[in-house]
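Shared chain: subunit A. Partners: subunit B in the first complex, subunit C in the second.
For the complex of A and B:
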């Protein structure tokens, strides 16, 4: 799993900067942030959208694509914020890499949000066809 | 179960069949496999007749899609030509009886000029000059003495022969007519006499003569405005009714069930003797008359084996404006649920469904494309909204006629107020019927109907089940 997150993040933002912090990013930040935001939080948000908002609540007012996009956007903000916060908590050098990491995490949160949506939406009562 | 042949004679026959078609569209149950309406009226331009024919044609197309298990439009209403198993095409492919365009006067029809002077004198005694000169193309203008001569030829027609060829033991016959006009008053006893004659020369004459036959004869329920130019005077309706009843008393043989209905005439119609201008608003009496057909089919063969059963209709409570509350339980059980369901469906289809783009069920059924290109939806919209003969027009006509039948609020957009005098409670604890609630139920139902492969049938079933759920769980008992 560590290698997957490392591959994903470094594919977009390159190797960690400054180079001396590479072990910190690869060993702790990438897997922790990726695991929590891309897997746990994103899955939770997708489940919340499809099975709370559009199933348990007995309303169909949130079933449009733009509602789905809104939840995806909130999830991306969470992903960005948590990535930056986690870097700061772990005393990573405060330079632009932290923010590029946040942006990459937000981007991947969108990708994972889409993938999880495709995987679990079919049982949702009101949003099985959202976003398409 | 067997077939039911329904003969609708004259303008009243056509109007009763219009109401019958609406009840069938709503899914009211009738115990037979197939209903075959045969409209008998020489006045082919009659607007009431043509409105009914258009409605029945539309119903037929919708039933072809809906099938027997979609709830709405589920009963097979066929044309006479449709039951032609040999496919010989002996009769016209229409719901109406083909009189072959009798574009001649009654005088010409009876070959008056070829009669000897004594017979001509007798004719002048029996018929007024207006009777003799009257063109038959617009019917018999309230003159049963004319109709009884012309319609006597009915038995020799290809339609009756074709009907006889396809009649099977166990099939039933129902005849609708009015007693105070021309065509119905003349046609009913003639038709019955011929059907009951085992030596009529028709194929299966034995089975036909022993068939179970019911009939409704509609007594006066509307009046006509006085018009010196018109030959029809509604002041004679009661006299004509009394005379006809006296005739029926001694001459109607072989009926298993006879239904009578009438109403106090009020708010007279325009005096139109026939043709395209004869377009009367739908009336409660016609709707209740249509129930006689359903009631007749509810009886088992054993129930109808004794002497003739006579029925008259009565309201639970007299009022000039009738709602469901004014009907007895027997009537309510037959029509309330189905009419309420169909009304909810029609209302949603007309005013709400276009707002559901993006909703789950809407996308699953690809309704955006279906509304634009699928003939089924064009037909359905036509059936519901056609201004001449559609469901909404029918409800509107019933609600403005006198006496009024207005079980629904036709001008509200609030689904909880749709049933007149029976608002559906909408509280925090128990929600009523909302647009959003409708969508949620439709989404759920769309998933429940996953085994139905035809999207149009699925669409009807979904709405039927959802409206049934609303009726059972949300609508207060009516």
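For the complex of A and C:
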């Protein structure tokens, strides 16, 4: 799993910078941030959208694609913020790489949000066909 | 049916998701790399707790009278420093050193009582004896004043000229023969050099020269040799001699293992990163980086336990070399801590590490032969005679006033001691670093 996250992030933003931080990013930051934001938080947000807003609430007012996109955007902001925060908490050397990592994490949170949506939307009462 | 398959897929998906998160957290716990928690520590050289017998031997021939003049007024530096050594030894008498014996070395060794020995040192050497050659005195010390429980401090001007001037080329071998009589495995010699004002007759080693009376306006060197088992000599060097001499050399000591570590973020170039917590391995994702821009890394080394002359940057520059397997590398620069902090852009994370090391060596890796194998880069510090010995050597001590504080053929005397203790093959240490190209 660690190597999958490493592959995903370095595919977009390249090797960690400065190079001395490579073990920190590959060993701690990539798997932690990826695991928490891309898997846990994103899945939670998807589940919240489909099974709280569009299932438990019994209303259809959040079932449009732009509501779905709004939740995806909030999830992306969380992913970006958490990535930057986690780098700072782990005392990664200040570098623009931290913010590019945040951007990459936000991007992948959108991708994972879409994949999770495809996986679980069918059980939702009101948004089984959102976004398409 | 379709509904059941979907339900089943859903719960499998949840199970995979949760397992992925758990495995992530478990992998983090075993992850290598990153910075070390504290300063790396090398094994400390062993120091004895007790020396059963300490022999303090001062040459008291005529050539030494100028160091201990019987004039009134000021004491010479020699008198002050040797008296200080006696005081240091006395402070340990009965504890770390149960027995201290005092000897004057003339044509033979004469045992002295403390009061007479001290008076001779403080009030002057009124009745100097005839001398015997330095090799003979060293032979006496080697034969009678060494043993597993003894350390001897021998203080002399070490002016030696063979009886026949044609034998000058054999001085090193004469000294070597004298010291080689010691049959003791861990026998070592530490030599500390100092200079003192001198008021008396100077006897040049050159046999054709006459003694120089009312000598000298220049300082004259003298030497303190500490001989005995390694751990006990370390104790005496530390507690009695106090190691505070600029010029010193040590023969026969076993190799050391100083603490060292590759500094992750400073004094570096290239895309390498530390691959282990100990800081012994640099890893490259792409071996082509070496050819493209070169890879440079800096190794911090703590040389505080090494003899004084070894820890000088000049000595390190002359004697550090690399032994490289599967590639080519060179030493770019050697710094002491102050130079490193002043000249390098120190990464903030490295600031704590810079407190751990006294010296820094920057290694530049320029070529790798086989990209499928790791490179081994060993930093080796050779054990060579220090430069001060040449600066203290003259071949014409009949003009001592012009020559300054030098000793006749001192380099040959030291070379003899060096060979006698087998130091010529030695290395102070060999530090192994690896360039990991496995990825």
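The rule we apply is simple: the second predicted complex is superposed on the first by the 132 of 132 C-alpha atoms of A that agree within 3 Å, B and C clash if a C-alpha of one lies under 4 Å from a C-alpha of the other, contacts with A are read in each partner's own complex, and residues count from 1 in each chain.
The working rule: a contact is a pair of C-beta atoms (placed from the backbone, for glycine too) under 8 Å apart; a residue touches a chain by one contact, two chains touch by 3 or more.
Fair warning: this is a prediction, and the values are worked out from it, not measured in the lab.
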Subunit B and subunit C placed together on subunit A: clash or fit? fit
Considering only touches as defined above, state whether A:103 meets subunit B (first), subunit C (second), both or neither.
neither
Inset, instruction - Give one of first, second, both or neither to describe whether A:69 is in contact with subunit B, with subunit C, with both, or with none. - result: neither
In this superposition, the partner of subunit A with more touched residues, subunit B or subunit C, is C
_With both complexes overlaid on chain A, does A:126 touch subunit B (first), subunit C (second), both or neither?_
first
Between subunit B and subunit C, as viewed from the CA centre of subunit A after superposition, lies an angle in degrees, nearest 10, of 170
Query = Of the two partner chains, subunit B (first) and subunit C (second), which one does A:115 touch, if any: first, second, both, or neither?
reply = neither
Discussion item. On the A-aligned overlay, A:58 touches which partner chain: subunit B = first, subunit C = second, or both, or neither?
Written reply: first
Least Cα-Cα separation in the three-chain superposition, subunit B to subunit C, whole Å, stands at 10
Contacts from subunit B onto subunit A in the complex sit at residues 358-360, 363-364, 436-437, 439-440, 443-444, 447
The answer for subunit C against subunit A in the complex is residues 6, 9-10, 13, 17, 20-21, 23-25, 27-28, 31-34, 264-265, 268, 270-275, 283, 285, 347-349
Subunit A contacts subunit C in the complex at 1-2, 5, 15-16, 18-24, 26-28, 31-32, 34-36, 39-40, 43, 91, 93, 119-120, 122-123
Per the touch rule, the subunit A residues reaching subunit B in their complex are 58-61, 63-65, 124-130
